[in-house]
Structure formats: C-alpha cells, structure tokens
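In what follows, chain A forms one complex with chain B and a second complex with chain C.
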Partner chain A sequence: MSNSIFGWLTIILRRDLLIAFRRSATYITPLIFFLIVVTFFPLALGPQESLLSSLAPGVIWIATLLASLLAVESIFSEDFRDGTLDNFFISLEPSFVLVFAKVLIHWLITGLPIMAASIIAAIVLYLPFDSFLPILLSLILGTSFMSLLGALGAALSLGKSAILSAIIVLPFSIPTLLMGTSVITSSINSQDYFGFLMIMGAMLAIGIPLLCLLTVEALLLNYD
Partner chain B sequence: MGSPPLFYNWSSKIIPWLGITTLVLLSLGIYWGLFVSPIDYKQGDVYRILYIHVPSAILGESIFIFMAICGFINVIWRAKISGMMLKAAAPIGMSFTLLVLVTGSVWGKPTWGTWWVWDARLTSTLILFFIYAALIGLHSTIEDKTKADRAVSILSIVGVAIIPVIKKSVDWWQTLHQPSTFTITSSPSMSPEMYLPLLICLLGFYMFFAFSLTLNLRNEVLDRERSKAWVKQNFNS
Partner chain C sequence: MLPNLKVENLSCVRSEKAIFENLNFDVFPGQNIEIIGSNGSGKTTLLRAILGLIRPENGTIRWLDDDNNFNEYRTYDCFYQGHQLGIKNLLTVFENLNLTHNAKGLKKEKIYKCLERVGLSNINDLASSLSVGQRKRISIARWLLKDFKIYFIDEPFSALDDEATNLIERLIIELNTEGCSFVMTGHRPSQVNASRIEI
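Our next item is the complex of A and B:
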C-alpha cells in the first residue's frame, strides 16, 4: 500500500487519528476552550440581546482563532521529540504528504469540533437561524487555512515556547479574521457574502501547496 | 559580492558615496518640500508632512518586498548573504512602517479630526508592522544564525501577500484614506511644484535605506565572521 501517495497518506492519518483519539484531551480541549472564550463575552459585556448579536461574528471568529492556535504546538512537537519525524524524513516518502496529513489531522481535531461548537455559540449569542450556513461555510475555509498557518508556525518554532508560534501565526491570520467576520456580518444584514467566501477559498487554494512546501522547508531546518 | 570579506571591502568604498547622496537628496527634497513648495489650498501647511509620510509608506512596503526576494533567494539557493540582507533590512523596514503610522496619525488629527480610524489602509499597514515584529521576534529566538535566517526567509515569503492588499486597499474598500499619490500609468494628480520635491524625497529615502542597509549588513557580517582570519587581520593591523 505504502508505494502510492494515498497509501502513505492513509497510513499517517490512521496512525495520528488513533493517537489523537486515545487521548481525549487533544480534541476536547480546543472545543471547551472555544466555548469558554465565547461565554466570557456575555459575562463581560452584559446580556443585552442586540449588543451580543452585533458582536457575535467577531466573538465567534476570535474564539476560533485562539482555539485553533491552542493545539498548534502539538502538530509536530511530539513526533519531533520521540524521533518519529526523523524516520518520516529518512523513509524517502514525499514529505509534502506528511505535512498535508498533519494539517488535515489538526483540522480534524480542532476545526471540526469548533465548527460544531460554533452553532451553539451562534444560538447563545442570538444570531438568526439564516446565518448558521454562512458561519459553517466561512469556518470550513477559515479553520483549514488556520491549520495550514498553524503547521508553518509550529514547524518554525519547533522545540521552542508555544507562545512563539502564536505570535508568528496571529499577524498572518488577520485576513482570515476579516473575511470570516465579513461573511457572517453580511449574511446577517442580508447582503451577498459569496465574494468573501471566494476570497477565503482562493487563499486556501494558494495556501495548500505554498504553505505545505514552506512547512517542509521549515521542518528541514531542524535536520541540517 | 557573495563572499563576506569581498563584500566588506567593497562596501567600505561605496558607503561614503551612499552617505553623501542621501544627505544631498534628503536635504534638497525636505527643504524644497517644507519651505519652497506652495501651500495646499485645502489643508494649508499641514499637508507638508506628506514629504515624510508618503516616502516612508513606500519604503515600508518596498523593503518588505526586498526582504521577500532575499528570502526567496535564501530558501532556494541557500545564499548566506541574502539571509543576512534580510536580517539587516528588517529593523529598517519596521522603523519606516512605524514612521508611517506615527506621521499618519499626526496628519490625521488636524485633517480627519482623529488620531486613528479603523480604515483598510491604516489597518493593513498596522498588520505589516506586526508582521515585521513577528519576523524580527522569530529571528531572535533561533540561536543558529543561518537557521534563523532561513526560518525568517520562509515567513517573509508568506508575509509578502500583505503588500498587494495594502496597495489595493484604497481601491477595494471605501476608505477615509485618499487614493495613491504615485501611479506609474497616469500623470500625477499634484502640481509639479509639489510633486518634484516628493520625488526627490522618495529617492533620498531609498538612498538612506541603501546606506543604512549597508551599515547594518557590515555589522552583521563582522558579527558572524568574528572568528575568521580575515576579520582578525583587518582589526589587528
């Protein structure tokens, strides 16, 4: 199986998903963190319905960015520490696939739970039912892009403090934040939000090849 | 050029020339702009901050493009000197970006009535400032300088995506900030008495960048090669 790229991809995916599911903290923590951050806003700002619903797009997206950053450090650090990453590189299988698989795993254990939780957040922040679809669409594209950026940040700050990867990644996540909130805000104002989604999709389309390649390059910095 | 001692010797010859050109261009441009060029009929004398604001804005962006090109060369061909150039240019670019933000708010207070607005041009420039900070921060955390250069190179390639956003922000969004002053395709919207000193200021700023980049790069080269024979020879004799 392992002689084809997809075989290699499924092997990594199966292994990493197994590790992730054996330890529930990996996929529960971002979810709980997201919900706690969302809860803080009504507590800090007061429970007025109009205020909360107008702030909701920003709240959801800030909570998403922070929650997805939370698990960034774990993308490569464990494999790096126990030597698995060395073996991946020695195996001569394409390292691009390895990075892509890692990004996919990170998205599965943070992006997906956050998307589920975002509906709860939308309900408690009094967002209208019509905005649920645009929230989910913007989150699919946005969290995938965040996982890509996160992988690059994690690779660059491998073996260093986790806060460094956050500082590296956050300035680059601002376009995602702007586009994501614009999607939700325009859907609430019953405007056309498709244009923002297209830009997010375009960012993702450029990001998958470019950021994965740069992440490979960043990982190789540790193996000179 | 590629080898450090060669660069060091060559740069000591061009530094005085860069310094003199910078001094001449900047003093001519700023004097012309601040004292000679006519008063703007709408803004009065306030507009004269333009002669600092616009060149620093252009420099802040072009230095980032320069850094991304250096980064690209460093990642693909592993050219050490381009990594050092990237490192030497980053603080200069960050300073210019800070200067744009500061002069912009000083200019904004009397004309727009506020120090800061969350407008697309201003916000994207602020992001550029944060990206500079991220690059410099990342460099300082990696001990091996060559690796630090490559890490920053990788990040600068991603960061360069912000430049077209800043450039186009005044066209894509409704903003308070006025459209571009400089366009290559059409003739300037200002009168030549105002436009020419701005052009000279811009050239002066570019020369200043070349001057300070060379100085920074020399320090960087000396710092990294301090244990090599040629550095010891240069400083013992």
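Our next item is the complex of A and C:
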C-alpha cells in the first residue's frame, strides 16, 4: 500500500513539475514579483540603513505572502478543467495524497525560489548576516503553510475568479505573517526566536493533515 | 454469472428538478450498456453518480468484490473518460500516457505497445501540436494501460472520423472478449452490441 501511494505521489510530482518547468512563467512570475516589491522599498524610501532594516521583516513577509498567492489559482484549475481531477477521485488511491502532492509542487515552484531570493532581499534591506538563517527557517515553515492555505483557497474558488482564492487565503495568513516577522525581528535584536519557529512548526504539523483533508472536501463540493 | 455492478432505483435531483428517476440495470462481465439521451438529459450525471463523484438522491450502487459479495464501495479500479480527455498540452504523447496514475509501475514497452495499438507513432510530439482526433487516440490508448473491469466512457463516438470510430468499436469488442464491460453514453445508438437505456 505504501509503495502504491509513493508511486502515485511520484507520478503526480513528475508530471506537474515537468509542466511547470515547460511553462516557465509559473515559477518566474512569483520570484520576479517578490524581488520587485522588495527592491521598490529602498528606491522609495532612500538608502537609510536603519529605516530599511527596521522595515525589512515586514517587507520580506508581505512580499512573500503576496508572491506565493500568485500561483495559487493554478493549483487545481487545469486538472479540474481538463478532467484529470475526475480520474484522481475515481481511482482507489487516497485523495489526500493528491492534495499533498499539489501543495508540495506549489511550494517547490513558489516557496523555494522565494527563499533563494530572500537572501538578495536581506542584502538589499541591510539585514545583518546573522539574520539570514532565521529568515530561511521562517520562510521554509511559513511558505509551506501558505501553500497549504493556498490549496484550500484554490479548491474553494475552483472555476471562479482568481482573486477570490487570494481573498479567502489572506485573512488566514495573519498568524504566519506575525510569527514570520517576529522571527526576523528577534534575530535582528539578538533575541531568542526559537519559540516563534516552534509555533510556526506546530501550525505546519497541524496544517498538513487538517488543511489537506479540508481541501479534499472542498474539491468534492465542486462536483455537487 | 454475477454482475460486476448493480444499479438499483437510482434517482438524481438538481435544483429541485429530477434529472433521472428509478434507474435499474446490472453490468455483467463482457457486457456493454449504452445510455442514450439528448443534451442535458443527465447522461454524464449518471456516470458521475455511479462513480461516486455526485451524490444521488435515492437508490443504491453495489459493486461485486473478490469474494462475490456486493458492497457499496468499490474494491477495483474502473476507467472513466468524461467529455474532457485529460490531455496535457505541455507533455508529449508518451508522457501523457506514462505520467497518468493508471501507468503506475508499467514498463515503457507496455506504453509503446498501447500507443502502437491506437496508431500513434509521433510519441515525442507535444500534445499541443496534435489534432483533435490524435488527442482522442491518446485517451483511447489509456484504456489499454490496465485491464479495467468496467469502462465508463462519456460519448466515445463524438467528433470522430470513420477510422477512429472503427478503432474504438474494434477495441470494445476485443476488451469485451477479455471480460471487460463498457458503460457508454451517446445521443443515438452506436454500432456496438449493447443493452440500451434511454433517459
């Protein structure tokens, strides 16, 4: 059974990553959007080191949240339109695996590039070198949780306006925003940030089963 | 011989309007059922209700298991092909077959053989460059990936030329002899030997 599930997960991952790489806009657009938003701040506010570094945690996290929402609508829409989703639900494999694979793909094509770009953002916003690791750790946990929330938003707004999924997801991303910015702020002020990371980790640990199951139910609503 | 599927008193209502009521039929191994009806008569809804994608208002759908008991849940894979073919434009012909969940664990040779049987030789072409007929042939090649007990095919003969129609008819006959059953929909009766239900 576990081999069967792993085989299914591998097929979905291979197929969707291949499609994503052949449609480069899927992963380039969130990355460019993130970099544009982050670099606009020094341009608008001027190169004042103390001002930029104090704003940096909020800037990085708001840019991350908005950038990760750009590809949310596409998580299930193509599979729903072309009938692939029907076959996933009809197969005897657990639908949970499908949703988990889709979340993982969304994270790989949006969360991972944003994490890489966050180092450039940290340099542009005059953040100290010591804060790079906490930024990456908070982004790993935060962007993964955003992908889970995004999948739920995408499932609830399937076949409807793309902006609807962003409206559904953004209010629920506030805890991630608060924890993520707190991690970076604490590291800048040389304070302990592990507590915030642990909360983010707990949110992710609860979110993986709970949000995947809710997403399965939300997807099935589209058939009724 | 026991049927693989029993549909009893199946009714479906949407927006307070009955789409179909009290449908009864059995699907025996090697038998074809053709559901005939005009546009909007509920043919697709019926297939989706049987497969569990839509909740029917009344009735039961029971599947035969390996121990010859009838259950409300299915223990084997069925094949479903709706109006949309599930073909990905950015994948090649080969990848469109190899990267579907039914191809899990299959060797490349098996995929090549399936494509050969439906007359597709341009296996490295992107699906976006194919004609409607060739895309339909990819979806037909998917029928052959595994031995499914029951195939649920929504309007298999729509938008096909004579050659493709003959290919499907031939494949249905071949699969019937292997004990596979087809539940198909259509606007008018096809040439395939089938029990017909009008809705």
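Definition applied: the second predicted complex is superposed on the first by the 221 of 224 C-alpha atoms of A that agree within 3 Å, B and C clash if a C-alpha of one lies under 4 Å from a C-alpha of the other, contacts with A are read in each partner's own complex, and residues count from 1 in each chain.
Note that a residue touches a chain if its C-beta (ideal position, glycine included) is under 8 Å from a C-beta of that chain, and two chains touch if they have at least 3 such contacts.
Remember, it's a predicted structure, so these values are computed and weren't measured experimentally.
Once the two complexes are overlaid on the shared chain, A:S4 sits against chain C while remaining clear of chain B. Judged by the touch definition given at the top, the superposed model places A:D224 against both chain B and chain C. After overlaying the two complexes on the shared chain, residue contacts for A:I174 are found with chain B alone; chain C is out of touch. By the touch criterion defined above, A:R15 lies against chain C but remains apart from chain B after alignment on the C-alpha atoms of chain A. When the shared chain is aligned, no partner comes close enough to touch A:F194: not chain B, not chain C. Within the superposed three-chain arrangement, the count of touched residues of chain A is higher for C, of the candidates chain B and chain C. Using the contact criterion defined above for the overlaid structures, shared-chain residue A:F40 touches neither chain B nor chain C, since it reaches no partner. On chain A, the surface touched by chain B in one complex and the surface touched by chain C in the other have residues 224 in common. Of all residues in chain B, only 75, 127, 130-131, 133-134, 137-138, 141-142, 147, 150-151, 154-155, 157-159, 161-162, 165 touch chain A in the complex they form.
Note for the complex: chain A touches chain C at residues 4, 7-8, 11-12, 14-15, 18-19, 22-23, 78, 81-84, 86-93, 220, 223-224.
Listing the residues of chain C that touch chain A in their complex gives 48, 51-55, 74-78, 80-88, 90-91, 95, 99-105.
Per the touch definition, chain A reaches chain B in the complex via residues 149, 152, 156-157, 160, 164, 167-168, 170-172, 174-175, 210-211, 214, 217-218, 221, 224.
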